[in-house]
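Just passing along the structure, written as structure tokens.
Think of it as A, B and C in the order they're written, each chain with its own count starting at 1.
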């Protein structure tokens, strides 16, 4: 086992940016992690579909941008389809009651709303015996809306729908 | 964009075994996917911490086993502990009915089996009113068993248990 | 609330009495610690509820027929629960005394990359389109169900002479069981209307509760297999 390979393996499995401290925790005590990362950045940059990108704080292994679109359908999404579908319904009908969403999406929607709230993509407030749901600023950021105004988001979605 | 890089990018983002058909869906129409995979297997095998492993049906990019333990703490959890435990019960008692697994593991086991089947680690066939479960070749492969014989797997697990 | 006996089921009070009795059974299960009211396992509750129903032989007939319907609803919920398990179940805490806890770490998986990518806006829109289509379909289905619901199965069970139906069914089954061990529900249906199906099903439910026959359904929505136990 050499330190270069340990850093490579770590960047590969993490699937997210790693800090120097995290990398240092797995290599041998006297390893020059910064030097290793710098040489990996160069090596990956020269050939293949992958790259290692380094910022001040951290470094990440990812697909070079020219290949990203082509392989997107193969990568796993961070929202499961049923949950995503419930989110789409909320975004389009918002502000909308939880019971209305359940009527459209079935009882599983309660679990989905729970997950979407935990992910902070949806927020709710009490509304009679049910709850009123709307998307959050984090939702707008996630999907690249320039605004977090509910009306404008609904309009954009409406336009894209037709 | 070249086909070798597309295959490499696809194996990287997938994080799971891909079939030839999946790979063929993203490369150019006249690409020799089998040839590309064979040469990637060789190339990765010669250096670095990663490997591409090919079975009859599919191929996967993963960390070489000598680096696995060192980077395991950094890797994102794959199967949740309760699901792993259900898988252990199936592997140890197989072939075993779904109802027997639910008896041991509780009703949550039905959801777990669903996930394990989707991951192709477990397969089932109808058996009266329930289903008979067993582990798959992918299971043997994923957990590093040298054989996919149910008897030998059960024996190995039995040894680990005691 | 008392369980079992004390029947003053006069017409108007019948519905209330039924509700009370069914709930009573559940409450007494909870009191005896047989179910945890805060953590209802529908499969387990159904099994225990049915077992308790079988014990309460002295129930007033009308109440008992409603209770059986209640039990059949529980059974339906049970089959739903068995059919699909919510994803959040996957991540529930496990009890520490699980004997396999210690063993599994010994089985080490290969280390692969499990990163997930973000969903794109166009994927969100695609899902919205699918959700809208599904909704339209389910609205059509609901409209069709409404037509069927005009027939009140519960009312029928309540007002008809159940014991008479049970007797009739017993005769019919004895005749068939004389020749073989098992009979299919579909063979007993003379007329393929909702009314006829319910009229055939309810006496069978009674007989099953009295352990005179056994009802089995090999697959969801499949035919019922009737086996003679003690006719």
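Worth a mention:
Convention: a residue touches a chain if its C-beta (ideal position, glycine included) is under 8 Å from a C-beta of that chain, and two chains touch if they have at least 3 such contacts.
These figures come from a predicted structure and were not determined experimentally.
Within the contact network of the assembly, the step distance from subunit A to subunit B comes to 1.
Chain pair with the larger contact count among B-C and A-C is B-C, by C-beta pairs in contact. Among the other chains, the CA centroid farthest from that of subunit A is the one of C. With centres taken as mean CA coordinates, the chain nearest to the overall protein centre is B. Centre-to-centre separation between subunit A and subunit B, using Cα means, comes to 24 Å. As a whole-number value, the distance joining the C-alpha centres of subunit B and subunit C reads 37 Å.
Between the CA-based centres of subunit A and subunit C the separation comes to 41 Å, rounded to the whole angstrom. Multi-chain contact residues of subunit B (touching two or more other chains): 12-13, 15-16, 63, 67, 71-72, 75-76.
The multi-chain contact residues of subunit C, meaning those touching 2 or more other chains, are 86-87, 111-115, 117.
Subunit B contributes residues 1, 5-6, 8-10, 12-16, 18, 22, 25-26, 48-50, 63-64, 66-67, 70-76 to its touches with subunit A in the complex. Residues 12-13, 15-16, 60-63, 65, 67-69, 71-72, 75-85, 88-89, 91-92, 106-108, 110-112, 114-115, 128-129, 141-144, 157, 160-161 of subunit B are the ones touching subunit C in the complex. Contact residues on subunit C toward subunit B in their complex (touch as defined above): 41, 43, 81-82, 84-87, 89-92, 94, 98, 100-101, 103-104, 106-115, 117, 216-219. Of all residues in subunit C, only 86-88, 111-125, 127-131, 135 touch subunit A in the complex they form.
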